[in-house]
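Across the two complexes that follow, subunit A remains constant while its partner is subunit B and subsequently subunit C.
The block that comes next holds the complex of A and B.
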């Protein structure tokens, strides 16, 4: 009896959190008042087609949902327009609600000049998880977008170095922060152990695995095998 | 921050210009003809287990001689998926996860998390709770900066400041212990208040610390601030200008050292920080030395804030009176029917949240520490709990800062960023 109960509990863990019984379109709350926030009012005026909705949450935090295909244009405008000047990208992250609802990209911005905060969100349908990268606008987005790619599987078009960042480079179980990912991983513990033991550790020392966002040095013959075999080749 | 002294010219000889900045004069005073040698760049690996990386961080460097051509940081060795774990826990159960991220300043994380939850739910905490949290956050700012001070000094060869700062840290550890029962994993906060009020005699303990700590700080100033070796190792190393620092996402002392006057406590004040009298140190050059000076001055300012907070610490309850948020006292829960029901409901069901999301930032010891929460109507668990990690963003700049410097400078640059890997990998 006790065993059965325990295994039911573990099954629940494996199934992943069920966050929402609402599927598909669900947008609670009422439309925010755009006149309270100068940037929201300007967005409504200039990008009327691309502004999907606007909410005010948590005591006056303005959130604007925008169309993903216009996201780069809108973000660039918000950064450069002298009336807004969101020069600081505080955070880039994503939210997965589960149950087939779209993954939300979240951009949290702050304007040093106008001392104003704004949060933009974009809904990406699960069958088209891609959006334009904003690394060309804010360099801070480099690692933050890599993290979203790693943990949510969102592809960023134009990102110079889109690799996994927190999970191992050869991680084969998917994207851990998605709601359909079970808490203990997709593989059994035995399979996880087997993979860990069979890992080719030396592989991670290869130069081509480390091709960062820089252009490769032309003078550098970096196609050496490993650090260990580097010496051996030199001797030969 | 213009504390550059004349000792420099004497100390650094012809490599240091009259303005105190190192000049890039070649070692040989004649034109060097580059020999046409087939030189290869070398790939070296620092870490993941190395004392100078300040945690389980791996840096792969491409070197030309001893000059760093590029650095590729490799992180994720401590990844524990706290954000995923948070989705399975009720609001209060997440608190213990927060102090395991930045174990060098755990109370700031405890406070920041519950402040975000309270912002999301629209809970206004009591006046006493606000002041107590300010005290704890400023105390842990000193706590975090002290560890940075000791380990960074050791990286440039100064051993004594390490002993001084760790002695002072031990006193803060003891204060953690008498307040929460734990030295590192404090878990001191709860939604709507604290786990417990300050124990008797704790404020006296803190006052005694505040009386003697500035002396230690002054001694470290004597040892390092005008020290020729320390200046030679830090000035002009890892420079970033203000505009770049914003664009690359620097926050905290790293950003302020680059000359940008941005502090969450001042720009987006919380808990009446606008009523405290303190200054925000701002650097000029954005190099390792200015980062050092900024942090040293911040500790001094935190001492001032702590004194003001202790003076204004009001009496009264520390938890909000709402029984659907705060737990009743143990005696009440055992003897009174209503209290027992509330206790049971808060523990088993948790606290329901309204629909929405919330980004709440505090000034952590490393930079802007943001907590982003997404909840659905009536949910007692977050749909998404996201930490905006200041160290993660600060570390991503190391590739830019270290380019063209020597390997030994790379160690100093890494130390000057003040990273903690528990929070980077989460």
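The block that comes next holds the complex of A and C.
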């Protein structure tokens, strides 16, 4: 049974995708109501300057755009504050909308403590594609940020090992998922084949890349009974 | 079934030159080519290089319903050094190209190669920045199997074509066409200019020196 909250933003799904040729800003979804999501309300209150906009997408997915220079501070707070505690970073990715529009960094987070999810976005202008790394907060962001660096060319300040992860290490044609990247690449097929065969295969398999089972990341446990949500569950 | 039954003419005709004593054949003569090719084509060990959905069909071919062992492909050799025929099943990205080349180089002579499926043979639908446009730009290929993916019967037919090819090979001529660098053996008869003009922006061969935008390099 879909109530009002679950069906919010579904109009945009019905409308279908928007062509990247269309210029100007367009954000699908509906204007969000911060009172529906505790973390959004807290962000609005605590980081009022840094919250750019808040939208609700297909079926109640809350998306908050934040200022990139404040991203690390906000994400650290969302991870550590006991009322939010987003201890799982589900995905770090990016979207290029083309036509000179800014590249959007996307952070998809889930709080296993509060059973709540939140998506943060940062708009990075094409001439300043850099943002603070969040590897120090979530180790999982390591390879995800390398993927964004590889395919979109976003530089992550403070990343411990920022190098290409999918494309060959000596790939010289650019960043393939950018809208201005030609489908077949920038070099001719002959040149691509020559470069491919001249790769150093040994470099694919570095010992530190292959070593599995690093020590798990420690996230401070939450004491039972200290959360606001604990009382709510007790009442129910 | 003894050797006598499978030799041409049942081992009794004059073509084999076999002599028979009272208790059966004591010795026989044959062509070295024939004996060697008979052994080779009936004990082909595949090196499976499966990268995509074609590999699922390749596994089905080896399983009990289709049973490649009937053709002497008794053992999938996961070491290239004990393999005779490389089966490249699936798409190969440029990053994997030197790996495929090295696996091929590690296989001992004599060796054969099967390109299984549309992606391995031509790049298939993946005419994009990251994909090898046919593994014959990396290594020499003996048999191309069309299909997306081919059914196990297709792979078996391809392997039987390899067997037929081996049957017609001769020890004295075997290495002639086995040059290692496909860019040397696979030169087209047409000139570079004609290749570029014909392939245009959609060309996908190693000889294509044009950018995808159509301008020459």
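Points to keep in mind about this one:
Just so we're on the same page, the second predicted complex is superposed on the first by the 170 of 236 C-alpha atoms of A that agree within 3 Å, B and C clash if a C-alpha of one lies under 4 Å from a C-alpha of the other, contacts with A are read in each partner's own complex, and residues count from 1 in each chain.
Definition applied: contacts are C-beta pairs under 8 Å (C-beta built on N, C-alpha and C of every residue); 3 or more make two chains touch, one makes a residue touch a chain.
In this text the structure is predicted, and so the values were computed from the model without any measurement.
Of the two partner chains placed by superposition, A:48 touches none, neither subunit B nor subunit C. Touch criterion met: A:63 reaches subunit B, while subunit C stays clear of it. For subunit A, the partner with contacts to more residues, out of subunit B and subunit C, is B. In the superposition on chain A, A:144 contacts subunit B only, with no contact to subunit C.
Of the two partner chains, subunit B is the only one touched by A:115; subunit C is not. Once the two complexes are laid over each other on the shared chain, residue contacts for A:186 go to subunit C alone; subunit B is not touched. Once the two complexes are laid over each other on the shared chain, residue contacts for A:176 go to subunit B and to subunit C alike.
Of the two partner chains placed by the overlay, only subunit C lies in contact with A:196; subunit B stays clear of it.
On subunit A, the patch touched by subunit B and the patch touched by subunit C overlap at residues 166-168, 176, 181, 183, 204. Here subunit A touches subunit C in the complex through residues 166-168, 173, 176, 181-193, 195-199, 201, 204, going by the rule given at the top.
For subunit B in complex with subunit A, the touching residues are 39-41, 43-45, 60, 62, 64, 69-70, 72, 74-76, 79, 81, 83-85, 87-88, 119-120, 122, 244, 246-249, 260, 262, 267-268, 355-361, 368, 370, 372, 374, 376-377, 379, 381, 383-384, 386, 388, 392-393, 396, 399, 425-426. Of all residues in subunit A, only 13, 17, 19-20, 22, 28-29, 55, 57-59, 61, 63, 87-91, 93, 95-97, 106, 108, 110, 112, 115, 117, 119, 138-140, 142-144, 147, 151, 164-168, 176-177, 181, 183, 204-205, 207, 210, 212, 214, 217, 219-222, 224, 227, 230 touch subunit B in the complex they form. Residues 94-95, 97-99, 101-102, 127-130, 132-133, 137-138, 203-213, 217 of subunit C are the ones touching subunit A in the complex.
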